[in-house]
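Listed below are the structures to be examined.
Here come two complexes built around chain A, the first alongside chain B, the second alongside chain C.
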Partner chain A sequence: MTMAARSVRWVMRQHWTFIAGLFSGTVVVLLLVAAPVISLHDPIAQDLSMRLQGPGGDHWLGNDQLGRDLWARLLYGGRFSVVVAALTLFLSVTIGTLIGAWCGRIGGAVDEFVMRVVDVLISFPEIIVALFLIAIIGPGFGTLVLALTLVGWTPFARLARGIALDISSRDYIAAAEVLGCTRTFILLRHVIPNALRPISAMTFLRFGHKLITVGALSYLGLGVQPPDSDWGAMLADARQFAVRQPLLVFAPGIAIMVTALSVTLMGQGLEIDADRSRRLRTGQS
Partner chain B sequence: MTTLDEAPCLKVENLDISIGDAIAVARGINLEVRRGETVALVGESGSGKTVTALSLIDLLPPPLRVTRGTITICGETITEATPDALNHVRGNRVGMVFQQPSSMLDPSCRVGRQVGEALQLHKGASRGEAFERAVELLREVGIPEAPRRARSFAHQLSGGMAQRVMIAAALSSDPDLLIADEPTTALDVTVQAQILGLLERERRQRTLSILLITHDLSIVSAMADRVVVMYAGGIVEEGPVETIMRAPQHPYTKALIDCSLMREAGSGDLESIPGTIPPPNRSIPGCRFHPRCPHALARRTGSVCASSEPEATRTAEGHLVHCWAVEP
Partner chain C sequence: MLAWRANLPAGAMERFLLKRAIVLVVTLTLVSFLAFLVPWLGDADPARAIIRSRVADLALDSAAVEALRIRLGLDQPLLHQFFAWLGRVFQGDLGLSFTSRLPVADQILRAIGVSATLALSALFLALAIALPVGTLAAVHQGRRFDGIVTFIAQGFVSIPEYWLAPVLVLLFAVELGWLPSAGWSGFETLILPAAVLCLRPLAYFSQVMRASMIDVLHANYILAARSRGLGLAGALVRHGLRNGIQPVLTVFALWLAGLLGGSVVVEVIFAIPGMGRLIYSAVINNDMPMLQGSIICIVGLAIIINTAADVLYGVLNPTVTVSGDAR
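Up next is the complex of A and B:
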């Protein structure tokens, strides 16, 4: 069986919410990747004669207040939103899982200290920390990623620690210890691989949250700077023209919603499935 | 096959294991396993045999810990070893086989990789070499289609297969001592015989020393050279397997053999020992077995059994009994 056939079979075995989310998520990603091919216009080219024009002709979704093609802006803006959300999420998961699992394995004072730091960080809303950092080092792509990662790793650390504690009491960890495996080896080879499934479920669930936070910061003008744009900034710009051309607000709003929803659905599907197999397992033993 | 002059592979002296500092789970354990010898550690549930086995490689789950005594494996004193030295002993000298084979295998790791781990860590094998060697080991322990099986996951194996994989993993580091903690309890009878046969064959081929922990006396008589009987955290009798099985001296050993299905079919009734093993937090003065001992009950008043603990009495060469009723 080829790799592709096996992946298809794996996907078809998942819960329907996962499949639905995967489908719409893939469509969104494909659209964003293929943006230069499928948008006929430059996202920042202005044409004031076309101001606030409704859909029609080769401007599929019409034009915004400066006469820029809305469809093109939607695709290019989405690239920014999704990349920032995905990148911060990836960094958060990696850092959080490593720190959390490591703490769970070693325990003691270090564990206690790190977990209290997590408690403190987790009590700040992400957006407050982001505002703070932006105030210090100015807005931009790097600041956004840094700010969202700084707080974002904490829930993953907490989760990974809990799972690592659970896995530490499993027999196969003792078996690995008998074989003379070192701490780091056990952590990387036996603890983290077994923690990945629940962590990945949470990763998917957090994606929507990240996307909305990125959107919110851009909406406040603290994210991407003009002439670049993303969905949050587009929403903010369109605010005053919402009555004359509602599509200007609806399009980025729906884009955020659809993207967040499809990834969340995938996460939910994975979680349902993990729950199901867990119940099966415990039912057997 | 046992040579007395050779240094023992495992030597345990005066070992005490406690929960925290207060409650003794095992007391005054003396144990010796010589090269190429199989020693069986026997006792009912709660007698402290598994705890003793775990302490040998410093695997006691807290708050259990060794409070006194020394453990020496192949010249390395475990009780004083640094973490690195301990890892070295675990990876090179000792293998362990457990009671629940399927839960001892990492569910997210292919079995071949897991078997090869010790080689990768301790023999400096590359990932590929370790895997090749793992396949060889799996073949050696009688797994059919070893190359394909090595790529499967733990949940795809039956209990007997999983135990073979565990044995392969334990043997991968070419150990001198194999600790088998109830290796066949979770398996059905036909598979039990195969696994025991496998252990016996490996012992002969590799001159392994085996510490076999079990409560099944039929396994003991089939496998062991010497038997150590434990009761409530202490050793009550030890000696060569023939002597213990044919002429046990301690009342507990006698009762244990009477309870087993091994006795020739007599009346058809199965004996049982009245009472249960005392929990470790209950202190019993004198001999730990005396409340359940027919001998102590018969002697009743003024019995030493209830007041002081019996010392070891040597009845024959290598045969020690801890009982007041036994005359040297």
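Up next is the complex of A and C:
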């Protein structure tokens, strides 16, 4: 069986929420990637004669307060937030899983210390950390990624540690230790693969919140910096013109919601799958 | 102390509480040291920053900077300065704000009160809806009602506040004229921000309540109560709710800690003079004493609330937490 056919069969076995989320999420990603091909206009080209125009002609969604094409801005605007959210999650998952699994395996004072750090950071709002970092090192792409990763790794560490503790009590780990496998080998060969399903579910479930937080900082003028723009910044610009051209407010808002919801649905599907496979493995009904 | 109730080894509860207290003090000291370092982490020299915030003139008088540096003790060793500063913090002196020239501590105290009112209103609103909805979803587990509740919860989590807030203002303040669009002057100004802020915790609370009530429904004491002739509703209200609600209360504490500073966007949009807006304007104005003060308050409160929730949970469920901890 080819790789493609196998992936299709894997997808079809998943819960319907995963398939629905995968479909709309793929559409969003394709739109963002193909932005230069799909949009007929430059997202920053101003045309004051077209100010606040409604949909029509070759401006599919109309124009904003400076006469810029809304559809083009929507497509290009998604790129910043989605890339920041995805990159942050990738870093958080990698760091969190490694730290958590490692702490769960070694235990002791290091484990105790790291988990206390996690306790403190986990309840800490990401937006506040981002604001403090912006005050110290200034706004920008790097600041956002750093700020969101700084607290973002903690839930993954807690989850990975729990799984590592659970697995450590199994006979096959004792067997591997008796056979002389190193700690790193056991971690990479047994602990991490077992943690993959729940970790990936959590990754998808966290995406929406990251996306909204990035948008919030841009809305406050502390995220994306001009001339670049994103959905949050577009919402901030559109506020005064909401009554005259409601689409300026609705379009970016709906874009954020659809993107966040698709990824969340995928996460929920994966979580159901992770639960099912855990029950199968542990033999619970 | 309470150990006899759970057949814990002698002194286990005391050790648990002592450990939490030590961790509390250590983390608070670390956090205040970090807060103290904030002005040094940026590129700006604190003495220069202070003078620049007072004088618009870009060419700084280096003699004035030097004089201020000596007056503020900035020429002393860093650790020496830290302890002097920490001493002042313990007396409630967080310095003067660069921009308003008023004591930071007073402003923070007022803002915390406002944020706490807002956060508690939103969270209690969320709790009032989430408890019955989560319980019903658990009773109907796997059926249509359950699916709809889960889907709506995910929808709520995906709505950005900075979109919902302007839309609600447009609808209820501009179009219908029922509620004020912004400000902080009584119950009416609380309704819209609390409604916007409650959606996300509502989604989480209802899902936690659902999961916890599913466990409760399968518990033996519910079976026992029902076999004594109690209806499902009666058994749940009299025996189930008390156990089912505990995980929700833990999440409640986490959210409270998070919302005390984390409702930045809602506070800015509705012009509410809370912690979130205070921190936001401190960032915009580079107001270092205000930032230091807010870090200490926000992080300190988060740590204290978390520790309190943890200890409370340990006292309520000694066998789970305390004996697991003493391992």
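Here is the rule we go by: the second predicted complex is superposed on the first by the 279 of 285 C-alpha atoms of A that agree within 3 Å, B and C clash if a C-alpha of one lies under 4 Å from a C-alpha of the other, contacts with A are read in each partner's own complex, and residues count from 1 in each chain.
Please note the rule applied: contacts are C-beta pairs under 8 Å (C-beta built on N, C-alpha and C of every residue); 3 or more make two chains touch, one makes a residue touch a chain.
Bear in mind the structure is a predicted one, so any value in this text is a computation, not a measurement.
K.L.:
Taking chain A as the common reference, can chain B and chain C both be placed on it without clashing, or not? Answer clash or fit.
P.N.:
On the superposed model, which is not a single observed complex, chain B and chain C fit side by side.
K.L.:
With both complexes superposed on chain A, which partner does A:131 reach: first (chain B), second (chain C), both or neither?
P.N.:
After superposition on chain A, A:131 lies in contact with chain C alone.
K.L.:
Per the contact definition in the header, classify A:86: touching chain B only (first), chain C only (second), both, or neither.
P.N.:
neither
K.L.:
Regarding the shared-chain residue A:242, is it in contact with chain B (first), chain C (second), both, or neither?
P.N.:
second
K.L.:
Who contacts more of chain A, chain B or chain C?
P.N.:
The larger set of chain A residues in touch belongs to C.
K.L.:
Quick check for you: in the superposed arrangement, does A:31 touch first (chain B), second (chain C), both or neither?
P.N.:
neither
K.L.:
Which partner chains sit in contact with A:265 here, chain B, chain C, both or neither? Use first/second/both/neither.
P.N.:
Second partner only, chain C.
K.L.:
Output check: A:175 vs chain B and chain C. Expected answer is one of first, second, both, neither. What do you get?
P.N.:
In the superposition, A:175 contacts chain B only.
K.L.:
Between chain B and chain C, whom does A:22 touch in the aligned arrangement: first, second, both, or neither?
P.N.:
Neither partner.
K.L.:
With both structures superposed on the shared chain, find the angle between the C-alpha centres of chain B and chain C as seen from the C-alpha centre of chain A, to the nearest 10 degrees.
P.N.:
90
K.L.:
After lining up the shared chain so the two structures overlap, which partner does A:119 touch, if you call chain B first and chain C second: first, second, both or neither?
P.N.:
In the superposition, A:119 contacts chain C only.
K.L.:
Please work out how little space separates the C-alpha atoms of chain B and chain C at their nearest point after superposition, in whole Å.
P.N.:
Between chain B and chain C, the shortest C-alpha distance works out to 10 Å.
K.L.:
Please name which positions on chain A make contact with chain B in the complex.
P.N.:
Result: residues 170-172, 174-182, 185, 189-190, 193-194, 196 of chain A touch chain B.
K.L.:
Would you tell me which residues of chain C are touching chain A in their complex?
P.N.:
23, 27, 38, 41-42, 150, 154-155, 157-164, 166-167, 170, 174, 254, 257-259, 261-262, 264-265, 268, 279-280, 282-283, 286, 291, 295, 298-299, 302-303, 305-306, 310
K.L.:
Which residues, counting only chain B, touch chain A once they are in their complex?
P.N.:
These residues of chain B touch chain A: 57, 59, 87-92, 94-96, 98, 100, 103-109, 114, 117-118, 121-122, 166, 169-170, 172-173.
K.L.:
With touch defined as at the start, can you tell me which chain A residues reach chain C in the complex?
P.N.:
Touching chain C: residues 116, 119-120, 122-125, 127-128, 131-132, 134-137, 208-209, 212, 215-216, 219-220, 222, 232, 235-236, 239, 242-243, 246, 249, 252-253, 256-257, 260-261, 264-265, 268 of chain A.
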